[in-house]
Each structure stands twice: as structure tokens, then as C-alpha cells.
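Two complexes, one shared chain (subunit A), two partners (subunit B, subunit C).
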Partner chain A sequence: MIHLHVEGEAVNSKLRIHETIKCDVLIIGCGGAGLRCAVEIFEKMPGTRVIAVTKVPHPQKSHTSTAQGGLAAVDPDDPVDSPAYHMFDTWKGSDCMADQNIVKKIVESAWTQVIWLENHGMHFSRDEAGNLSKRTFGGHTLNFGQSSAFRAVFEADRTGKGIVDTLWGEALKGGISFINQSIATELLFEGKRCVGAVIFREKYGDFVKVLARATVLATGGSGQMFRVTTNCRQNTADGLALALRAGLPIMDPEAVQFHPTGIVGPGILASETLRSVGGILRNRDLEPFMERYAPRMKELAPRDLVARAIEKEIREGRGVLNPDHNVEHVWIDLRHLPDYVHDVQIPEVTGFFRRFVNIDPRKELCPVRPSNHYHMGGIPTNEFGEVQRGAKETVPGLIAVGECAAASFHGFNRLGTNSLLELITMGKIAGERIIEYLSQDPDTLPEVSPERTFSLFARFMDEKGEENTGRLRQEMQAVMTEKAGVFRTEHGLSDAVDSLRELYERAGHTSLSSKSLRMNQELVQRWEFDNLLAISMACALAALNRRESRGAHFREDFPERNDEFNHHTLVYMSEFGKVDFGKRPVDMSIYAAGGENYEKFGLIERKY
Partner chain B sequence: MRSRYSITLRIKRYDPDRKRSWSQDYKLEAGRILRFTDLFRKINNELDPTLAWNSSCEHAQCGTCAVKVNGKPLLACELLVENAVAFFGTTLFRVEPITIAPVVRDLIVDLEKAYERIEKIKPYVIDPVENPHPGNAYQVSPRDLEHYVEATRCINCFCCATACISSHRGFMGPNAVLASVVRIMDPRESAKAERLDMLYSDQGIYRCHTSMACSFVCPKEIDVAHFIALAKAGRFGAKGRK
Partner chain C sequence: MTQGTETIDITLKVWRQKGPEDRGRFETIEVKDVETHMSFLEMLDVVNERLTLEGKEPIEFDSDCREGICGMCGAVVNGIPHGPEKAMTLCQLHMRKFEDGDTIVVEPLRARAFKVVKDLIVDRSPLDKIIQAGGYISVNVGGAPDANAIPISQELAEKAMDAAACIGCGACVAACPNASAMLFVSAKVSHLTLLPQGKPEAARRAIGMVRAMDACGFGNCSNERECEAVCPKEIKITNIARLNREFIKAALFSMEK
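After this line comes the complex of A and B, so read on.
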């Protein structure tokens, strides 16, 4: 053990509110959704006092920045595409679990949102005429599945970065106040109304109370539950845990998407393109194994099928162990592809292999494995982003948008390019709702005190033992990947639940090496671990409860979809591992309206 | 090809509580394709949980993990052990925080301070030109975009500003120049005069000594010096880009 800092003064005396700040709107999380919400408020109601908190050192470092592909939106001037097709693709992709009122709302306003971004300076890629370029993307079709749709607008391979840069600039212009490198440790309530949050500022090592007339959760994903993930280091399900601790439910935590081909090590996506241009998946014996799983489609089979095939090869001992990252994988073989393909069609991805694993895909096999990618589940909201306490009742003053929320636009499986669309659209819609709310709500803020933060942090400070949070987190990630990942069974999930309980116990025997509050990453990691454990538990229990396969949720023991389960899962967790389930019906208003093509929006099969 | 390396990271540490800095050696057995961010995590999990370091995406797309290794500013998430050994010709690596803002703890600097330079140049469209087709996208020729699209790839990792021989003496820094040039060359921005004022101010481009260190160290391989050279050559003047 190196350098043990023992502070002279009693640590717990530092656990107090250092300062109280009042504002109109508190936004927790500064990725695409949070910032879009802020900017909408500034445009419609200049001078609103907005405080935005980000866990990363600066909003530009948010995870939205890493989104590559594009943003789906139907151009009204497109002679062949139609919003109805986009709605159908989203509904079908979701395996009948997206809410149709949300799907309609988001799809119909998509193009307006794209134009808004462009008009505010986003550097979209252009066609020869100077208009926005469009490209195809998996699952996006014309005529209800007939052919691929050119529906994704993009900024080269950095669409997410373009969105964050644009929104961050506009938020600055609007006069936003950022609190960087800080976490929200508790939501504050007056009765049932949310009135702000307690914020721990890592840089100063102090807690501030932010009282707000409206609070927005935009904390992003939960990818760190798993071993290999495309998600950034900060995506630790913080917002979901915050909601659970406040007695609120989370919805569909079992709906987790895995991308079939993450690059071993950093987890970066090796895009689907690799397979569509002719890349071949091979196991340890170099056998092109997809022939056994999908004799006709082979490598071009849908994402979830390919992910399961790879996972199965690994589980049956035909994977390859990468000694450096201690992760098993299969190979994707790109050696036979002509130079033209390498140079023109897949330069970014081959660049990733060069940069992050030192491999030349022209000459060597490339290591890939299924990688956690996206959490469809989240904090349940209505079509305005208002957080729900149950199937209908909302929480006044509390909004959730982006990946941490579930309205739900994606149901049980998200289509590529639909997440960026959701961020900016729901961000804007939530902003509009907040403006309405602010104009009705009297400008008074109650004095409330935190109830949980200090006992929680005192507990972290006082814990004693030999355990190390980082290593426990790795154990948890291994459990979730093996037992609650691509393949799930009754037996495996029960094991996972037991392991999570044990890990929770052991987490109580970690001992902080330094008791300083200032930029103490071990302390923050301890807090994150509590969040990850809670959401992993909710995920495992909900997966156990859902005895069917649907979208990204695959139960080996119940491989078919069962329409008895055609409802969202609501999970409440009063204490760790003790859950209550609720149900929320899936909105099928497009089907119910009985308009043109309504039958496409019934309980259709998800077959490609 | 070797599969493992015995390496030493000599990390510059700083404890804000005691206002004390020191350097500390961590000896590691490391696989050839582990990245420096993986090594930092390994140190936290196996040797010393107190070492503080920053990262976010770890995909070389956010710039949060910028540090100096043997003097060179770079992104720790894309520096592989075997590449580091080959590039620097040693297994001893001095790891220090980037020198562009005050250190908060160990390898973490106060990026908020660093970003003040970027905020100052107004990283947004100050005043949009009138849109000839309201409700539609502006038309931007791909040929025009080509002239400045490289500059839009900047992720503000501040590697260039760290390497720049002038950025510690009042120069706004290479990445702030890039952010400014993007909107000068963007046909949708009308506030060119205000931007040029900033660019030619006493914190502007004439502080640059053309060492071209910015282009040399840029992890995104942007030719930063090229854009500064355009400004110095008066290419953004009354005649514009044409």
C-alpha cells in the first residue's frame, strides 16, 4: 500500500452543505439531451437561470460526442421516404415495445430538428449540390421493409460530436452556468414535488444544494455494468440509481443492447459495415462459423443473432483469449478484401484496429466480441419527458431525457441513428414543457434539507476492510457479462442475483485509502459502484421476471416472444435487492387510430 | 514480437490538501497492447487507488485523458505499451499532467480554466447570415466545407496548446485559433469582422512563433499550423477565402 493520507480533522465534519444556489432549472448531465433542453429554454425564455451539472470535466467531453453514424430523419422533400416508414421501422425494431405516441411525435418532428441543428451551425456532410448528405443504416427501410432508406444525415464519422459542439456553443450564448466534474447525490423533494438536488463538486470536495423550480435528469447510460462496452468511463447508471433511491421506478432495466462486434480492449464499435463489405467471422479454429447459425444470411444476419452466435462460440470453447485484456473473442477476417474496400469503404474502422490493437486488418485477423452498447430501459416518462411515479402519475418538477430516460422510443431494441434523434427531440420537447411549467409555477423555492447524502458518504468514509472497489467492479462486470448479457437463463440470472448480493456485502468492506474529499476518485468510484450494483440488480431481477425473449432480451429457456409480456416492466427498489414490480401498458395509439396502414402497427413479428 | 513488457511509470503527483508534489514510480508487467489508460486503471486496482487521472470516452474522441509522456503531450487512451516502447526507446515513462491549466490532483488539470481560452473566441455562430430559404438548411458547397472541415475535427484536448512555445505567454493557443477559423470560414457566419479582431488582437496569431509543434502533436492529425498560416497570410481578409 502506498501513501496513506490520514487527515487531521474529523472527516465527517466536512459532510455538510457548503453553499445553497437557487435557479429556475437544474439540468443534471450535459450530453446531447441535457444541452438541447437548456438551449430550448434560452431560445424561448431568454434570461432563465439554468445550471447544468456534468460529471465529466467539461460538457464537450460528454459521451454523446463519440456517436459516429448519424441521425435518422425523414426529409419531407424526399420523393420516396415517409414518416410512416420510419415509424414502422422503429416499432418493428422495438419488438412491439416502443410507445407509439412517442414514436409518432419524435419521427414527425425529426426533420425540423435536423434543420434547427444545421441553422445553428452544425457541420453536416454535404452532397454535390450543397444539401445534407444522407446514408442508409441497418433496419431503416422504405415501404415497410422493402428496401433500404437513405434516411441518416451525418457529420462524417463524428455526428455526436457535431451535435455536442453546436449545443454547447448555443448554451454558452444563452448564458448557462456549468458545474463541471460534479455528481448529483440526491434529489430534493418538497412533498411530491422535486425541487432540486445535492451536488458533490469533486474539484472542491464540497457539497452544494441547488434548489430549482424544475430539475432535469440527463445522465446518460449504464454501460459500465458490463465488461466490454462502447460506453465511456462515466456511464455508471447514476441517474437511474438516483431515481430508485428517491423511491421512483425505473422501466425495462432488462432491455440492454449489445453490439455484435466491439473491438477487444477499448470496446469501440467495429461497424456493421465490416460484415456488409464481406468481412468473415472466424473462431479459434478459423472456421467461418456463421454458416452454422445462419446458412443463408451468414455474416449479414441481424445484430442480435450475430451477437448470440459469437457468444455461443466463445461459451463452447471456440473463442480466443486476449492475454492483455484477459477477454475472449472471435476474429473478423478482412484480409481478403481488396485495397479499395479498405481505403474507401472502411477506413475509419481499420484505423481503429491499427490505433487501438496495433493490427493491420489487411494482413492480420482482428479481435472482436459482443460489446454492451445501449440501455433502452430507463426512468419512465410520458411524452413530454415528465418522470412517472407509476403507470400514469407524474412527479411535478422532474423531467428525464436521453439514454437515462425511457419514454419509450426504442422499446426492447434500438435502431442505429435513432438515439441521436431521440436526444435532440426529447431534449427540445422537455424544454418546451419546462417553459410552460415555469410560467404557471410561482417563483418560490422551499428550504429543504438533504436526507440521504451525508449518511451515504459517511458510510463510504467509515467502511473498513481489505476489498478494493475497482476489483469488485471488475467482478461485477464479469458476472453481468456472463449471466445477464447476450444469453440469459433462469439458472444464470439467479446466480447473477446471488453474486450481486455477495458483491454488495463485500463492497461494505472496502476501505478508502485517502479520506480527502477533494478529487478523490476512489470515493466517487465507490459511489458509482453502489449505483452500478443497484441497476445491475434491477436488470437481473427484471430479466428473471420476463420469461420470454424480446428484442435484445434473449432467454435461452424461453426463446420465443410471448405476448403475455407485452407490457413495460416498472421496478421499484426500496432497499438493495428488494424489488416490487409494476406494469405500464405499451401505447398503441397508431394502431388504435385505424388510419392508413394501421395494421403494420399491430403485434407484428420481428423478422428480417 | 514480445508479448509482455516490464515497464515503469514515473508519475508526477500532486496533493492539493498538502500542496505537495512529488514523483512516484509504479512498476508494472504490461501486455503489449494495453493502453496507458488501462495502466492507470491497473495501478488503481492493484497498486494505489489514490492515483487520480482523467478520461471519458477512451476512444480518442473527447480528449479528456491528455497527459505528457516523456515530454510529449498525447492521449493516454491511444498510447499502446509496445508503441510507447518503440517510440520513446525506453521502458521508463515520465507521465505528467498537461501544462495548460493548474493541476487539481496528480494528472488532473482544471480544464475549466483551459477552456476559458476557447469560450473567449465564442465557439458558435455569433450572427448567422440571412438564410435564403428559411425553414431549410443553408446550402454549403462541399468544396467550401473541404477548406475548413479539418479544423472542425478538433476535440480540445489541449495537446497543441501544451506543446506550443507561445501559448503560455498570452497567446490564445492553437485550438482557440482553430475554433475561430472554423466560423470565419463558415459561410453561415456573418460576424467576420469581430472574429478577425480577436484573431489579430494581442492574444492572436502574431504571438505564434510558427514552431509547428501544434501540427506535430495533434492526436487527430489536424494540420493546425496550416490554419494559423492562412490567417497570417491574410487569407481571411476582405476578399475572403476566394
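After this line comes the complex of A and C, so read on.
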């Protein structure tokens, strides 16, 4: 029973379902993944009633819009590149943890999806002949690792925005209904079947129940777990927390990517392009240290390797202290690059340095440090995006796509430009699956009631004490960055687990300055903090459990990869901090098929 | 505070409004020890933290990427949408641009078509309604099989590319004495119409979007050029000339029928 004090009583009466809406498909999240899925449904089944929810005031402000670099796609007619090379790079990059059925499916449908976007008005950059331009990116190679591949198509330095603008227009055309600035707070079930979700509309301060024949989770990343991140403020792992609270597992939460070159201060991303055009990483003594870590690929080695090299330099005392932010960093040197490169190839990033940290990269060294970037782990799905309850069993009516999902295309390390590719391919595949599902499923929707949302919100309203959510969040981010970041140890991770428990306790002593439900960002932040704590906990515990190093997960006490851990980890959390682990095998169907070059898809070594 | 960090004291005069129906008023807040390396929004974060610790309601404002890409932030700072720096979003503005003792006036991006939701947050969804009226491609380009099969000249590509840079922040609307959304509409129309994929529906698009703009309560363009001056993405007013041409062509065409 929840007791609210006097002030809260009026609020208590508002903790109820204001309205019930029925639809065919509910999509939670309007980034590239959610929208691509919606558009597929409209194209194949016009007239489907689709409702899409987004936390942000406008769907096209979703995080996908900030993706700069590009989208990897091999034209099957390309004279030098081949889908097989792309599959190999993805497999190798993942440190043998990507599922090969997914890799094959995504890579083989990539080019068709690029053309689809182009035909719907996306404006890819062109070369002098008028054809699509292509860029190189770390880890993407020709001939199984021989040389860099020009594989990423892009729209200047705003590829993600081009995708979202295009999909947004298409979705509007199809008749989508958006519920903006609203959060999904709970998935609804009838038995084992998912039948919709509860949505909290921030603008009105009320709750609506959306009953849907199929529900899609497309909530994006979880970067706010860490102190320095390239992710936006909305990336608070909501979708993963919704799944955990519903008793569903999340997979490989410990697989977190750190981008080597976040700009010191804001943490914003200094794109990998800086290194591909010739930027050099230097330490305090101005030594180009990457030569020591990756003699062949140097600056162009994959992200996890470069990030570790930088952190190691700093730890061994060869970093530089930035007085404004009190953080140590290394330099990226762009001074030797010709004006043409600055003006034409990297104008946006050079602009970032100028605007955010007041540095002119033509004349000065630029401070960078690894920054949290991407969550490879997520809600486990099969190759159609259907959410899994265990290694095999799926949840009827529930789909997950995009960064919040783990199919898994990226395994333990994602290659640059492979995420946007995943959104547009898996988004479409999930859409197709939903259409099949809708045609089989009887058009009936049960009356179910929420179980958790109101008690949770009542608790937040009722909490009293001196703690401040914003501060606690910063403390949590510092713990995660320090103890569960680029380098991990048994000791550090155990500390992190203890700290997270303590923070969870202290979070019960925060109090809201306004008890109103309308436009109360403090309340929403409190809710988000619960999500962040849960996923941080899952991440720390899974990292403790994985006593090996693989891809972005690096245990100093177990620095080698270990075949015992050639499986995905499923994490269930019945209450905060209490977890059960399960296993899911890694699909190696390309290897098992024994076709041409199959041996490249075995348990290969990862050297660059 | 770390050694070497410069700080300034400022006075904020910030717009507070509880909701769309509230009349709203300016609140004066003295803010001490603002580190100058902070961005404007980080400064607001600090103010909000201090306010909540005092048990007061934080200032509500929009932001997301904080990199100048998403178009979510925006407020009028000392009379100028996104503040005094050229070609910048509010999240890119930094406190080092201000002096110790400065008074800074912060207001929402006001316009007839944008309702204030709370404090500095306005409802920019009327821009969505304009897109809904034609900001997409619905005719397939003769089933074009391959993107490379529709080569596009670099010059054309660059023009379309510049127009496609619009992030839909709404600063142009707030800057315009008529609260017109012409720069926004023209950017979208130019981007789509310059490309071969978008040509077939050029007429329908121009008419549909301009009508939707009128219906949403945005004003007309009277060539004040304020929009161009505040656009964080430096979208050119020549796009409006292109939109006008498309519109006239379209209007003539539809009369002939």
C-alpha cells in the first residue's frame, strides 16, 4: 500500500489511466529503427493503424539525427568490394560474437536499402562523376583485411539526419500518429503475449494505455550510464529497463563501446574521419604512440584498441591535464593537414573544436579522450527482431530493433557505420514480420491493466530527503566510467556493484521540488535514473561474470579471450541487484555451411 | 573548482511561464561563479541544480544532442534567437562570450504559431504539419533500380545539400517580424525539388506546404531577411526565391487545368 502525504493526494488521483487507445502497431521510439519499421508497414499494408511514441518533442530530433559518419553498404556490382569482405570485417570486429545469420542477412540487403532511401528523397553525397561517394572507416577492409575499403555512403556529415528526415516524411505520408514528448513506462501483457504499453504524456501530465496487436521497442542507446558520452541526454536505457521489469532478459549488457576520440569537455564525438584523413594521436611528449600498439593499422585500428591505447598512455603518466575540466587526455594532431582537408573533409569537426573548446585545429593540438559511444548489448531478438524470453522462446507481439536490441549484428565491438545499416535493414525486416503477424493474429485486444507504473510514480512523488537526482546521476556516471569503463577488474567491478546499491538506496531520499505531473522534468529524470541504475547494475554484474577480455570488454585480470565464454549472456533481474544468468549460443552458420572462404568465419584471432 | 578556471558573475532575466494559459513574467536570478568554459546550456543546468537544491522549480528548456545537430534547443538570448553568435545553435554558445557583470535576457522562441508550453519550451509541432503537406517523395522514380543510375551533378547536389541542412529549430520563425516559416518551407522544397527524385511532385509539394503554413497561422514573407541572419545552418534566402518560383509555376499550372 502506498501512502502519499497531503500534497500528493491530489496527485494520487491523477495516477490513473486517462484514456485507452487501440491500434494495430505501437512503436516505442522514433529514431531510424522505429521509423523504418513503421514505413515498411505502411508500404506493404496501407491503412494499418500505427502509433509511434517518442520522448523528444519532435520525432526527427531522435538521436539517429546526430550520426555523422555514414552507413556501410556494399554494392554487389562493385568491382573491388564484396559482401563477403563486409561480413568478415563485421565478424572479426565483433571478436567472434556477432551472430552470422544476422550478419549475412543485413550485409546482403544493405545496398537495396540504400537505394530505397535514395529513391525516397535522401540526399547522399556524390562524387565528381555524379555517383554516390564513399568513405573508409576503421575495421572495414578489402580482401579479408588487406587494405581499407571505401564502403560507407554518407550525406555530408549528417547522414543520420538525412535518414530520419526521409523516414519521418514517409511515415507522415503513411498516416502515422505520433505521441511526442511522452515515455513508455510499462509493457502490457496478456499471459505471455505483449499487448501494448502505458504511456506517460509529459505535456499533459497524464497516462494513456495503448493496446496494440504488436509492440515495437526502438528506444535507442544507454550512454547516460557514463560520465563522458557522445550520446544525447535522452539515452537512458529505458527500453532495456522496460524489458527487465517485465521479467524479460537483456543480452550482453557488458558490451559497451568507447569511442577513442571524444572532445574533452563536452564529450562530443570527434569523428573517426579525423583519423582516416591523417590525424595523429600524440601523448604528452608528442610521441605518435599508436605505432607501438598497432604497428600496421596505427590510428586506423578498431575503436576498442585505440581507446585502450589512449587510456594506457594516460594511466602511465603520459597524458596531459586539462585545467578546465580536470581531466587527463591525449592530443590529436591535425596541424599538418592541408587547408583543403580542413575545409572540405572535416569542416564540422574542426568547427566543434572551435566552438566548444575554443581551439583552432589548424594551429593547435586538440584534446581528446575516449568517450562512451554505443551499447552493443540490448534486448535479445532473433533474426526477425522478435524479442526472446530465453535462448529460443520468443515473446508473441513484441519486437525490438535498433540500438536497444541485440540480434546480434555487432557482437562485442561495433564497426563504425554498421549501426545505421542495422537500423534500416532490421527496421524493414521487423516491419515485414509484423505484417505477417497481423495477418495471422485475430483482431482482438484484451482489457489489461498496468501493474507497476502507478506504484512506481507514487513512490517517486512520495520520496523525501536531501538527495538530488542530478547529483546522484553524476556520481553513478563517475562510478561506471571509472570502474566499468575501458579497463575493468574484479576488484573495480565489485566496488561498482556496491556503489550502485548504495546509490539505489540514496535515490529513495530524493524529493521533487514540484509534485505536479505536468512538464516535470525532475520527475522524468527520477524515473530515468531508476532505469540507468538497473542497466548499470546488469552491466557491472555481467562484466564481473565474464572473466575474459573480448572486443570492448577488457578485463585486466583476464586479458585474453577465452573459448569458455563463446556465448552470449542473458541477464534477468527480478529485483534491483538480484540477477540470474542464462546463455545463448553464437550463430556460426556461415562457418558451418562450409562455403567459399568459410574458414575466415571460424574462431579467428583479432589482430590489426 | 580547478585552478586556472575563469569565472564570471551574471544576472539572468529569464522568462517563466507555468503553462500555455499562464501570462508569464521575467524572473531575475543572480548567478555567481559561472565557469566561462561552460556552454550556455551547461550554465542553465547549473542554475537548475542550484534552484532545485533551494526547493524551487527548475527552468524548463529543450535540448538533446548539445552538438548543434538535432535542432531541439533554442531560446532568444538578448533579443536574438540562439544568441549573438553567427551560425550557431544555442547549445553551441559558450559563456566565454559574456563578460563579468553582464545581464542576459532569455526568452522562448515566440511566434503566433508556436505556443509556449512552459518557461523556454515552445510547441514547434506546426512545422510537422507543414511537412505532412508534402515534405516527402511519394512517386517512385520510374522504379529506378540503382542510386548510381540517377547521377546528379555536383553543383546541383551541393545546392540541394545546403538546403537539406535545415534542422527545423524554428529560429527563423522567431526572428521574423511576421513570424513566417518561409525559410523552413523553402529549404525543404528546394532540397526535394532540386533532386530528380523530387521533381515529379514539385508543384503539389510547393502548393501544399505553403497552404499548410498559412493554415497553421504562420505569417507571410516580406523580405526582412532576419531569418537568414539567425539561421544556425546558414540557409540562404535564395531558397525562398526558388520556392516563390515553384509556387507561381504550380499555381499557374493548376489554373490551366
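One rule holds for everything that comes next: the second predicted complex is superposed on the first by the 539 of 608 C-alpha atoms of A that agree within 3 Å, B and C clash if a C-alpha of one lies under 4 Å from a C-alpha of the other, contacts with A are read in each partner's own complex, and residues count from 1 in each chain.
Here, a residue touches a chain if its C-beta (ideal position, glycine included) is under 8 Å from a C-beta of that chain, and two chains touch if they have at least 3 such contacts.
Every value quoted in this text rests on a predicted model; they were computed, and no experiment measured them.
**Q** Return fit or clash for subunit B versus subunit C, each positioned on subunit A through the superposition.
**A** clash
**Q** Under the stated touch criterion, which partner chain does A:123 make contact with: subunit B (first), subunit C (second), both, or neither?
**A** both
**Q** I'd like to know which partner A:561 touches here: subunit B for first, subunit C for second, both or neither.
**A** Neither partner.
**Q** Answer with first, second, both or neither: which of subunit B and subunit C does A:169 touch in the superposed model?
**A** A:169 sits against subunit B and subunit C alike.
**Q** Residue overlap on subunit A between the subunit B contact set and the subunit C contact set?
**A** 56-58, 60-61, 63, 65-66, 114-115, 118-121, 123-132, 155-156, 158, 161-162, 165-166, 168-170, 172-173, 178, 180, 203, 232-234, 265-266, 268, 323-325, 355-358, 468, 470-471, 513-514, 518-519, 521-522
**Q** Please name which positions on subunit A make contact with subunit B in the complex.
**A** 1-3, 5, 7, 56-58, 60-63, 65-66, 114-115, 118-121, 123-132, 155-156, 158, 161-162, 165-166, 168-170, 172-173, 178, 180, 203, 232-234, 265-266, 268, 323-325, 355-358, 468-471, 474, 512-514, 516, 518-522, 525
**Q** Which of the residues in subunit A come into contact with subunit C in the complex?
**A** Answer in residue numbers: 56-58, 60-61, 63, 65-66, 68, 75, 114-115, 118-121, 123-132, 155-156, 158, 161-162, 165-166, 168-170, 172-173, 178, 180, 203, 232-234, 265-266, 268-269, 323-326, 352, 355-358, 468, 470-471, 513-514, 518-519, 521-522.
**Q** Taking the touch rule as given, give the residues of subunit C at its contact with subunit A in the complex, in rising order.
**A** 2-5, 19, 35, 37, 39, 45, 48-49, 51-53, 55-58, 60, 62-72, 88, 92, 94, 96, 117-118, 121, 123-125, 127-128, 131-132, 135-138, 140-141, 144-148, 150-154, 157, 160-161, 164-165, 167-168, 191-192, 195, 197-198
**Q** Can you name the residues of subunit B that touch subunit A in the complex?
**A** 3, 15-17, 24, 30-35, 38, 41, 44-50, 52-64, 77-78, 80, 82-83, 104-105, 108, 110-112, 115, 119, 122-125, 128, 131, 135-142, 145, 149, 152-153, 155-156, 182-183, 186, 188-189
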